[in-house]
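There's a structure below that I have some questions on.
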Amino acid sequence: EIPVGHIVDFTGATSGVGVSFGSGIADAMNWINANGGIDGDTLAFETYDYAYQAPRAVSTYRRWVAQDHIVAVQGWGTADTEALAEFVARDEIPYWSASYSGALTDPNGTGPRSTKAAPYNFFYGPSYSDGCRALVQWASEDWAARGEDGAPTFVHMGDNHPYPNAPKEACGEYAEELGFEVLPAINYTLAPGDFTPQCLTLKEIGADYAFLANTAGSGISLMTACATVGVETQFMTNVWGFDENAMRAAGEAADGTVFVVRTGTVWGDDAPGMETVRAISDASSRPGEYRLVHYITGICSAFYMKEAMEWAHENGGVTGPNIRQGMYAMSAANDGAWVPVGLEGVCLPSGWTAEDHRGLMTARIYRGHVNGSTEGQEIAELINSGTISLEFLEEITLERRPEWIGY
Amino acid sequence: MAEAAIAETPAAEAQAPLLAVNNIEVVYNDVILVLRGLSLEVPKGRIVALLGANGAGKSTTLKAISGLLKTEDGEITRGTVVYDGQVLNAMDPGAIVRRGVFQVMEGRRIIQDMTVHENLRLGAHTRPHDSQVARDIQMVYGYFPRLKERTGLAGYLSGGEQQMLAIGRALMARPRLILMDEPSMGLSPLLVREVFGIIRKLNEDLGITILLVEQNARMALEVASYGYIMESGKVVLDGTADDLRTNEDVKEFYLGGGGEQRKSFKNIKSFKRRKRWL
Amino acid sequence: MGNVADGLPGAPSGVPQGDVLMEAVDVSLAFGGVRALSQVSFQVRRGELFSIIGPNGAGKTSMVNCISGRYSPTEGRILFKGRDITRLRPSARAELGLGRTFQNLALFGHMTVLDNIMVGRHNQLRNNFLTGPLYWFGGARREELEHRRQVEEIIDFLEIQHVRKAVAGTLAYGLRKRVELARAVALKPDLMLLDEPMAGMNLEEKEDMARFIIDLNEEWGMTVIMIEHDMGVVMDISHRVMVLDFGRKIAEGGPEDVMAHPRVRQAYLGEEAA
Amino acid sequence: MAGATMRPCGDFRTSYRADTTIFDDRFSRNSVIVGIVLLALAPIVLPEVFDAYWMNMFIQIGYLSIAALGLNILVGFTGQISIGHAVFFGFGAFASPFINSNTGIPVVLCVPLAGVMTAAVGLLFGVPAARIKGLYLAIATLAAQFILEDFFSRAEGFTGGVHGATANPMSFFGYDIYTDREYFYVVLVFVIVMFLGATNMMRTRDGRAFVAVRDHYLSAEIMGVNLTKYRVMSFGVSSFYAGVGGALYAHYLGFVSIEAFNILFSIQFLGMIIIGGLGSVMGSLMGTAFMVFLPEAMDALSRAVAGGWLDRALNLQSGINNLREMAIGAAIVLFLIFEPDGLAHRWRQIKAYWKLYPFSY
Amino acid sequence: MDAFLLQLLVNGVIVGMLYGVVGMAFVLIYKASQVVNFAQGEFLLIGAWVCWWTLTEFDIPFVFGFLITLVFMFVLGVLIQVVVLRPLIGEPIISVIMVTIGLSIFFQSLLNWMFGVFAQPFPRIFETPSMEIFGLQVQTVYVMSMFVSVAIMAAFAWFFKASKTGLAMRATAFDQQAAQSLGISVRHVFATAWAISAMVSAVAGVVVGVVNGVSSALSFFGIKVFPAVILGGLDSIIGAVVGGLIIGLLENLAAYVDVDLQWGNMQRIAPFYALILILMIKPYGLFGTRDIERV
């Protein structure tokens, strides 16, 4: 048995996306156990719902370390991941999170804009900063394609909290570099509310592109309000800011929103690896369900851990330091980036080194389409009927600039 | 001693008393025993006085009857309270008020942030029809003309006015039995007399039965026909008002001046006298 | 204070002739339209036992409130020990030597009797939130014990030893009144204001209370202003009496003289005097 | 002098000194001392049982209870409800690492210093208490919650803004305290000192003044208690405790993020003291323990049923987690229905019962 | 005045009215029991979910679904009284306040469990989802809610001034024991207060749900009304409405300032600065009755 910790938010403030991501990981680990485990050893994991309360995550982590002697953790939010960063470094326990804060990408803390060293933190996907940079890059191409004159305007929107703020400066700088006029940020709360003032503001300042940095819940409110007010800004959201469910909830107001997808596929796409993904979903307690983009991402996160563990198993045993070494070794063995076996075409090739934890510099840009009323229907029906659809626009791979590490 | 009293009660003998408290024990907070086997009776149409030192348990007795004990974590652990043939022990205060028993609580307890008029209307809360209420309010103003002039919040009334309001509020419920807890407290001599006059008048005009708890024994025994004296949770002496008035102990401890002349407060010495009934 | 003659019942005793301790000068107080006090002036001399009587709502409590600082008069001044205290905070007046009890009980209901009385010593105590927590080291304990001794004297004097550890809120009315008096005495005030100290008491308790008040006045040397409705007590123990009616002073003088005053008889006592 | 009230066993003390001790009798004092000693020995004697997980629980209870005690001084003793305690806790949590990293003052000293800094902020936000009372004041403290939260997100130099602040571990003469067991002792010492301090304060002048203000502020004023001063001061004292608790939290977690100190956390603090017992020093500790253990217990319970028939019957993957949260809410409600005066009250009743045993009245 | 500001102000009035409605529900409970209800936000949420469920499940016209919701909320209010509040009669207010916190946790997770954590779109209930007022496109439900608010406000004003139950509520709030001595059933009073409050909150919940979709996040509204009710005075119905309007306007004005001055985040915290300022000048809010302090 290999003891693993699994921290999720199923009931807390971020459960809207947390359920999907957490289930993906849990289902994947169950599937791994049912299909040979880690070279015969099963993953003994406990899924702990910490309801987005960091101290609870910390105390559970300590319980795991003390009682269960875990060797790895699949985690979740920004505050708890950062709170645990130092612990996992000390305890030498690799920690995959769903917090893609740029600050976690510098294992040695040596980057010019780095704030700390995070040697045991990993995540699958582009960092928040890189995701936003990719969107900005797309926007500048879009602007050029539109053929309009002058500099496009860009505005960052989000709550004044660590998570939405994480990419704010980094992304703003890149936008300026690409010739955007960056307008002062607009604040809207993580909890949904009446965002008419923000929409009126958007209209007033005439922003061309707006990056929504909150989670989907407040994004839905914002889009609805802006649709009523008649805002024409192109919305772009980060990975947690938009998904099929948000399209369903916001209805036509969400039409046209552009967002980042971390995986090669979305549900319903075909790729060699989708077979495994479907098998994982079918083996779960809710087979046949439409799975959001986050679910698939969760599977990728679990599988990178799996293969790193397998490497460790063959190279001295499944211990924290060995698993971490596994992440590097697997990357190195595959020209710097690899895709877990069975997930070809699903997970984008990612690689980590002891100097750089930016596993993925690629973001796939999608646009959501909603044409018609979404009420009273399940996502699967809506997709089938074509009421909502995801349009792949472009895959953007950013250059791996050294000064961007940890920022 | 209380049993003996029943035989002596004049008039209405044959008839069961309107209120009978039988040997009750009351405990606060599950631990503090306050009434230790108290019995008393109030015949219909009479005024009965309940006298006793501070902390003897007079207010507790009234609350036990009106059901308000429960609101203070108190409980009747033994004995019964029987009113008009019904046992009141387990009833809630609202039901008891509806049956015609109304307590005028110690300290007046008017609703200070309401007007006099609103307070009076509140008194009629348990009555089904509003049509009578306006008339009754006028009746109360008849008894207490000065209340009519007060238009502001009741909280700004003077003590005496508040007491009048409390009694007036009781009248609004059209009770058959009023439990009055120290109505004369804090009133000027003129008003004390006025209030006792009203108590007597209520009893005579409206036939309301009254159980009167008082410290002003002199006045209380003047209006009452029968009296009980209690001490540490028990009745220690009872009898007709006239009997009590002439009892030496009562004179000494409650009425002042065992002998012919009232003695001055100035000359009291600090020695403790012993009551004969203890 | 040996100049108080042990007079006959009801006879005017020798009025102490000390200096003026407290003086109210043309005090008026209005609440919106209600004039609670109109131009009331009087003086209280050191060592006096001064009573205020009057019908309900006459403004007696309001007067005491003006003196103790609960209300500030709309007009007029209050002088205490020759100093104008009209605008002073109540707590500052307490420090100057003013203590009082309340008409409606105002004890600290959840504290023990002992703690209630210790609060009365607030101004005499010196330890604070910095030294208090250090209890054993900063001298706080010594101070507490010293004052505890003094408080015990008061407890003995008012005969409330048996309830000293009881929670004040659960005591019977009469005892609470006594505890309240003890608390005010603990301030060691020069001027003690008593608002109906005997309301709700039976004769026996009134006698006790009267004795306490006399002792306070004679033995502890406190000047007392007392509001009381029991004419017997007022007549017997006060040196001078002031009568208020509708916020105006209608009479002032020795108890006998005041009782004989026709307006007092009419407004306050009714036809037949008590 | 054996009183007739509630003390049938008599009162045999012969000096005032013996009568002013913290504990009613030698037995309760000794049992508390023994309890503390046992607690201190537990991780040494039984390291398998009292492992890092338990140490973590105790540490949490420790730093939270110090802050809860502060809130109890404000709410329970002075009678001013605050719905913004978490931000003061948070302020302390930022202040201590801030002082430490900017001045190099050792962490142990930074903790009380952070308390002092927080007290200053508390005094500032206590100023409205000079005029505002009761629930109005309570909701004015809600303003403190939001204003300070906003301040946290702006004051990047102080809080590290988005990135949060890292806190150095506590160290003594160059020896870093990393393990939970070591930190447990640090917290234990702080808890003992802070709780003794509060107990002492409550039985001396200013403590009595606080309670007097709560019970009857009008007469407190007449007794010479300066209302304004004490109302505002209790905010200061309360914040001091919050700040110390927060500082201990910071150096334990090693990282402080501005997200943590939200209104939910503030409400949890209120829950702790209400469940423990308002106006009771020990109640603050009991209530905190309850609130820390409750989710853990519910969690253990849900782990026990997870995968079992109950879980399957409800057939919802996340159902069990929601059930756990529901159980927490229900536990609070039920607790208050059956024990509205708090744990400390129940404790006193049990003691009183045994004192009176075998006579129940 | 520029159009931007004007539109913001119009929006302020509209949203402010909604705050006012929830505020009134809040004040009602306070007036009856001096309890600050932390579960008010959950009432909103329950109302929104129940209405959403009846509409999507049975496909009935909005009016019926809405009525069913109101009935359900009434029953819920009574139930809360019977199960939770009755045993607490006579206990310290703060215990009851804490109980409402427990209730809020309980309901929040119950609803999460029953309805999931994803936001659900509300069925379209108006033919024209928005209309133009002073150049601002406004959701039709908002306009509807304005009329409802005014009606509720008038009803409340009458209720407390003239009705027997209203009077009994005020008495209960002032002195529970005295109220009981008058024969007022405290249980009855509480049940009424909670039932009405739950119903009124549900109205707001449905409105917000229609605009934003239903999700657990709606309950945050419960905290947002705090400044509104305090500003108006905790025990004043009119105050709740005025307070709501002020907060609504203030938020939108702050948004204007945010754009111009870039102080950032003023929209969220400006109400709280205003709150403290106003309380320092008027410690009982704009319309709250001050405590009677006689000794």
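Brief remarks follow.
As written, the chains take the letters A, B, C, D and E, and residue 1 is the first residue of each chain.
Definition applied: a contact is a pair of C-beta atoms (placed from the backbone, for glycine too) under 8 Å apart; a residue touches a chain by one contact, two chains touch by 3 or more.
The model shown is predicted, which means the values in this text are computed figures rather than measured ones.
Least step count on the touch graph, chain A to chain B: 2. Listed here as common contacts of chain B and chain D: C, E. Chain centres here are means of the Cα atoms, and by that rule the chain farthest away from chain B is A.
More C-beta pairs touch across one of D-E and A-D than the other; that pair is D-E.
Taking the mean of the C-alpha atoms as each chain's centre, chain B and chain C sit 29 Å apart.
Separation between the centroids of chain A and chain C, computed from CA atoms only, is 74 Å.
With centres defined as mean CA coordinates, chain E is found 36 Å away from chain A.
Centroid to centroid, with C-alpha atoms defining each point, chain B and chain E lie 44 Å apart.
Chain D has residues 5-6, 150, 153-154, 218-219, 318, 322, 324-325 in contact with two or more other chains. Residue positions of chain E with contacts to 2 or more other chains are 109, 112, 264-265, 268, 294-295. The residues of chain A that reach two or more other chains are 10-11, 19, 160, listed in rising order. Those residues of chain E whose C-beta lies close enough to touch chain A in the complex are 4, 7-8, 11, 15, 56, 109, 112, 116-124, 129-130, 136-139, 211-213, 215-218, 220-221, 224, 251-252, 255-256, 258-259, 262, 264-265, 267-268. By the touch criterion stated above, chain B contacts chain C in their complex at residues 28, 32, 51-56, 106-107, 152, 156-161, 182, 185-193, 215, 217, 253-256, 261-270. Interface residues of chain C, counted against chain D in their complex, comprise 68-70, 89-92, 94-95, 99-100, 102, 106-111, 115, 118-120, 122-123, 125-129, 131-135, 140-141, 144-145, 148-149, 152, 161-166, 183, 187. Contacts from chain C toward chain B in the complex involve residues 6-10, 13, 31-32, 34, 53-58, 103-104, 170-175, 196, 199-208, 210-211, 214, 229, 231-233, 236-237, 267-270, 274. Across the complex, chain D meets chain E through its residues 75, 81, 128, 131-136, 138-140, 142-143, 146-147, 150, 153-154, 218-219, 263, 267, 270-271, 274-275, 278, 316, 318-319, 322-326, 328-333, 336-338, 340-341.
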